[in-house]
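Below are two complexes that have chain A in common, paired first with chain B and then with chain C.
Here is the complex of A and B:
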């Protein structure tokens, strides 16, 4: 088992470097560089000053050399300084990660808590009006683009009816721990972000539950004279949930990388928005740090999943 | 959506970089009256604030909405408008400029003058200046700031100080102080290597940082030491301005609190907040709900916001313009070298209609370079190039162009056709691009519209080379639409002097001796009347030559909640604090 885990880990290393190399190359080869954006309009800057600036940011080196020196620093745990914000990248991530975690964890919770029961109910009342209604909701959840839903939410509930704030995490002047204020700010982004999840899980749960309801042990349970509710929620649900739990495994990366769209629309100061801004202004150190962290987490979660499968099913270990 | 504004914002760097002014000999001896004065004609919109009633009541908070976060709160390192908007509340400069005309006015220095030869600047500090912790402010802080800039490896502000005697040597470590700055009690004397009139607002208008905080990062004898990575750059512990930093939540908000030791008397407001939204639409929505008290908005949101009862609307011409540039150093498009063709391009585009359509009337047609709000502007004898397609066609025909079978002018087998580029995502420019292509086509000029990303366009403007004229500084484009956001000083050397064709911002390859001479005079003859005369020559020549279609100057559109009393904004300094020049006198009427 240990060798299996080790093998998967070693296999992941080239993948990881491949990801960083490709990202690094892509972002550098895109038109525009951070300096020309930074100094654009500084019309009296001399050519020497410009060259000195390039040197101070290490941008005068060939791209492969830049990659290697970036890699060296990163491996020693130094993600460098943001070009634009002139502060350590790690400090910027530390400031926005909790915000994103808060948002995505809540969205995930809402998606599961709402989506799973909806799916079970749809299965239970298969073919009825209730099933149809849930189906329509779920298709709509898939079809509505989150940015559109978010903008509509703001336009109607915030601007028209003043029920929720337009954006941000806190009202200026309210305390850090004003829970009601915090919740009011969370409603829009959490709802928008969980929409697709609700749609997904309800469809998924419906299929799984129907599958299981057709199996022998359910018939046995029913034959024993157990109540319908017990059969559904104790016997069927537990088994139907297993594949969902597996699907949750890949969500680690989602949890920390955040949603660019939702964070943009609701002015949420999280990882997604920070990364988006950084990519737009060619702030390489931030973009690279986020790529490293999220790809590492994604790879680790895959390894954990494989190892878990291996534990569960010995055949996987040998393949 | 934010990219839509990023060119004006980036170009506002010009404001910071070439911000400079001149004063004839002696300066006024007091700050401008702080009480709100009646808005000037054409400046304030219908809803100008009434005179405040009753005595001001202290307290309260002002929340300004922005769609871009500040980056670094340091005059030495910041390059963007949001950063400047925040740190200008924290740091102060020796002089400032009048919000309506851009003329220099006293600030930390109560007096300032230029020596007659244009090489010496003398500032006299006010009495009793102190930082927010009670420690004394002195000329040494100013000198230290200049030294910090010269030693920084990440600043883009060296050009402001490098012409001071000994500044370059200090930067390179050949000297352990800048010999051209002498501090004697309240008097600061700055000696320049050569006369340079814009230095007054450049040097005098530079934000001064505290030596007591940043001194530890520098070593006079070691040029490798600098303050580039000092954590205080993002969290200034001391303030000279109206406010001081309280907290900064990146991408969310920055809160400043009152500095009780501000030299102009402590402010009525307790806090000044800079709140960040992802784009202009969100800012407008927050204005409507009252989540923020004030913001600058885009023309498209104007009509709706004007209907919000709680808001006052201010509109004033911004120093800058959106233009169409004709590349004279372009192989195969030599027709741009013809003045008549360029004049035809000016007559053939209905700019008043463009302003109505794109800016909803909130702007002004530009006839030359100098902003109409600047003290250096003189409209006398400027041709207004009123829309006249017949005249445009007559000019072309007079030059030997004849209409071909497709309705497009041609001459010697060459069609009058060119590609016009602008950056995608900027709605104002994209609309202008469409209108220009349509109207020029009706005239008989074929325009191929093209958009590309801002980054790609910046690269193209700065780095590309025309195959034929590349050696002379020609770039790889026919014509483009961009904007300039200009500084306080009328100096436009870096944009229009012929020496700036190679590697500079004269990206249309325009060369004219009258313009060159006028720009040189404007830098060396520092008496204000002389400079005004120089820029008049300069503007007249540009107006005649039309190296750009000078397009239009947009208005700054500002909304402020009516409860704020004493708000009296103006166009200078461009963008970042023409609104807030008297913020210490603002108060909230309940």
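Here is the complex of A and C:
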């Protein structure tokens, strides 16, 4: 098991360098001067000042040297300063990442708690109206644009019925630990973000449960007179749980991507929204840091997923 | 004629598989099954309707609605949906533009971006996947490495960066989306090719001295293609969703060109005065993507009944 985990870890190293290379190349390929935002409005800037500024950012060095020095700083946790806010990027990320993680973790939880039973129910009542309904809902969950669902949520439940706040994370004036207020703000974004996950899980679980239900040990369990519920939830479900781990990879990537749009709709002060604003104002240090950090997070969760899969299914370890 | 005669003995030997005509090829069998799949037929008709409407947007705007997509009417700002004037069937926006005409032109953008980018995906995916699966070795390693690297970067951030850097027009957007989302099709084609290249008919081809090109394109590719079409129907749907999200964020198709995504950006800013502006574009995206996904599902069941999920 340890060798399996270690091998997976070593495989991730070149991928990480690939990520940094792509990020750096994209930003350096950008038309225009990376310093344009920094010197914006500085009318008394002389050519000498500008050259000095370029030198201080290392922009006069050859590109490979620039890449290596950026990589070195990145690896030691120094992501530089935001051009726009003149604050260390790492501080800004530390302030917004927890908000995003809070959202994604809850969305993941909702996806599993709602999606898995839906899939099992669909398999149990296969071919009936219930099954059809769940299948339609699952396709619809994939096809509905999350930002539109969010807008509808706001329009109907917040603007018309005043059930939930329109956006943001906390009501001004209420304490940070006002749980009810916080939960009310979470309902919309979490629900919106979890739709795809619910659809994914109900679909996966249906296929997997059907597959398991056709196997011999289920017939044995039924033959020895166990209650149907016991067969379904103890014997079948346990074996059908692998897709939860399998689907995790794609879902995590989606949660990070989806957070940009959902945070924008619900004015949630997370990393996605910050990155979007930064990208729009060409605040490159923030964008580069976010890409590297979120990719690293994704990479680590892929490894954890594979290891978890190895723990759950010993066949994986050998291949 | 030969086909039907050859089919007869087979029909006598075993029971005819339900939904399968004897002696018919893969495609005519699939078409036969598809015609019996009501959901897929409805979805296909729906998609066809969208395509026709999008194609005739100019004509409809001129002769039926009598309203251009950039035409403004300050007397009709926030016009409520109204059945009297065709142009305001779905209401008007904050500067009195016709929502329904803009939806029609938006359909053009969404479908063009979706199908265009999917075509690029398909081209790259088939070429790379086929070559990687067939030749294996270092080329395969390289392709796999690039894919796993790209898959580790959350797509939206890549798109954000590229969209900001190149501030794309519609066709650049097609290129960007196509160049950044070919991974899953490539992996699929590669996997299929890997298993097909070990099959007897490919070995037989190799033994009689067929060239690599012939083996890849005449023997392996025809067996991969049907399944790839299923993936690409779903791919088009996904791409339309991504385009609308990007446009919604203001990084995709830029106003005044209407796209379903940027119409929703607009609607979001006028939620309280024109709530009806939210429904149309979202419903259009939702139903188009839904049709494509259902068609993908239906095609899968029709082309390979073994995969059918019930």
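The rule is short, and it goes like this: the second predicted complex is superposed on the first by the 237 of 319 C-alpha atoms of A that agree within 3 Å, B and C clash if a C-alpha of one lies under 4 Å from a C-alpha of the other, contacts with A are read in each partner's own complex, and residues count from 1 in each chain.
One rule holds for everything that comes next: contacts are C-beta pairs under 8 Å (C-beta built on N, C-alpha and C of every residue); 3 or more make two chains touch, one makes a residue touch a chain.
Just so you know, these numbers come straight off a predicted model, no measurement behind them.
Q: Where does A:159 make contact in the superposed view: on chain B (first), on chain C (second), on both, or on neither?
A: both
Q: Where does A:239 make contact in the superposed view: on chain B (first), on chain C (second), on both, or on neither?
A: In the superposed model, A:239 contacts neither chain B nor chain C.
Q: Look at A:142 in the shared chain and tell me whether it touches chain B only, chain C only, both, or neither; answer first, second, both or neither.
A: After superposition on chain A, A:142 lies in contact with chain C alone.
Q: Output check: A:95 vs chain B and chain C. Expected answer is one of first, second, both, neither. What do you get?
A: first
Q: Output check: A:301 vs chain B and chain C. Expected answer is one of first, second, both, neither. What do you get?
A: The answer is neither, since A:301 touches no partner chain.
Q: Return first, second, both or neither, reflecting whether A:282 touches chain B, chain C, both chains, or no partner chain.
A: both
Q: Under the stated touch criterion, which partner chain does A:273 make contact with: chain B (first), chain C (second), both, or neither?
A: After superposing on A, A:273 lies in contact with chain B but is clear of chain C.
Q: Per the contact definition in the header, classify A:74: touching chain B only (first), chain C only (second), both, or neither.
A: In the superposition, A:74 contacts neither chain B nor chain C.
Q: Per the contact definition in the header, classify A:261: touching chain B only (first), chain C only (second), both, or neither.
A: In the superposition, A:261 touches chain C alone.
Q: Across the two complexes, find the residues of chain A that touch chain B and also touch chain C.
A: In chain A, residues 30-31, 154-155, 159, 264-265, 280, 282 are touched by chain B and also by chain C.
Q: Looking at the complex, which residues from chain A come into contact with chain B?
A: 30-32, 36-47, 49, 52-53, 55-57, 81, 84-87, 92, 95-96, 154-155, 158-159, 162, 165-173, 264-265, 267, 269, 273-274, 277, 280, 282
Q: Can you check the complex and tell me which residues of chain A touch chain C?
A: Those residues of chain A that touch chain C are 14-16, 18-19, 22-23, 26-27, 29-31, 126-127, 131, 139-140, 142-148, 151-152, 154-155, 159, 206-207, 210, 253, 256-258, 260-261, 264-265, 272, 275-276, 279-280, 282, 287, 290-291, 294-295, 298-299, 302.
Q: Considering the complex alone, what residue numbers of chain B touch chain A?
A: Checking each residue of chain B against chain A gives 3, 10-14, 16-18, 61, 63, 69, 71-72, 74, 77, 79, 153-154, 156-160, 228-229, 231, 233-234, 249-253, 255, 271, 273, 275-279, 282, 285-286, 288-289, 291, 453-456, 458-459, 462-463, 485, 494-495, 500, 503-505.
Q: Name, in rising order, each residue of chain C that touches chain A in their complex.
A: Those in contact with chain A are residues 145-146, 148-158, 160-166, 237, 241, 244-245, 248-251, 264, 267-268, 271-272, 275, 278, 281-282, 285-286, 289-290, 292-294, 297, 309-310.
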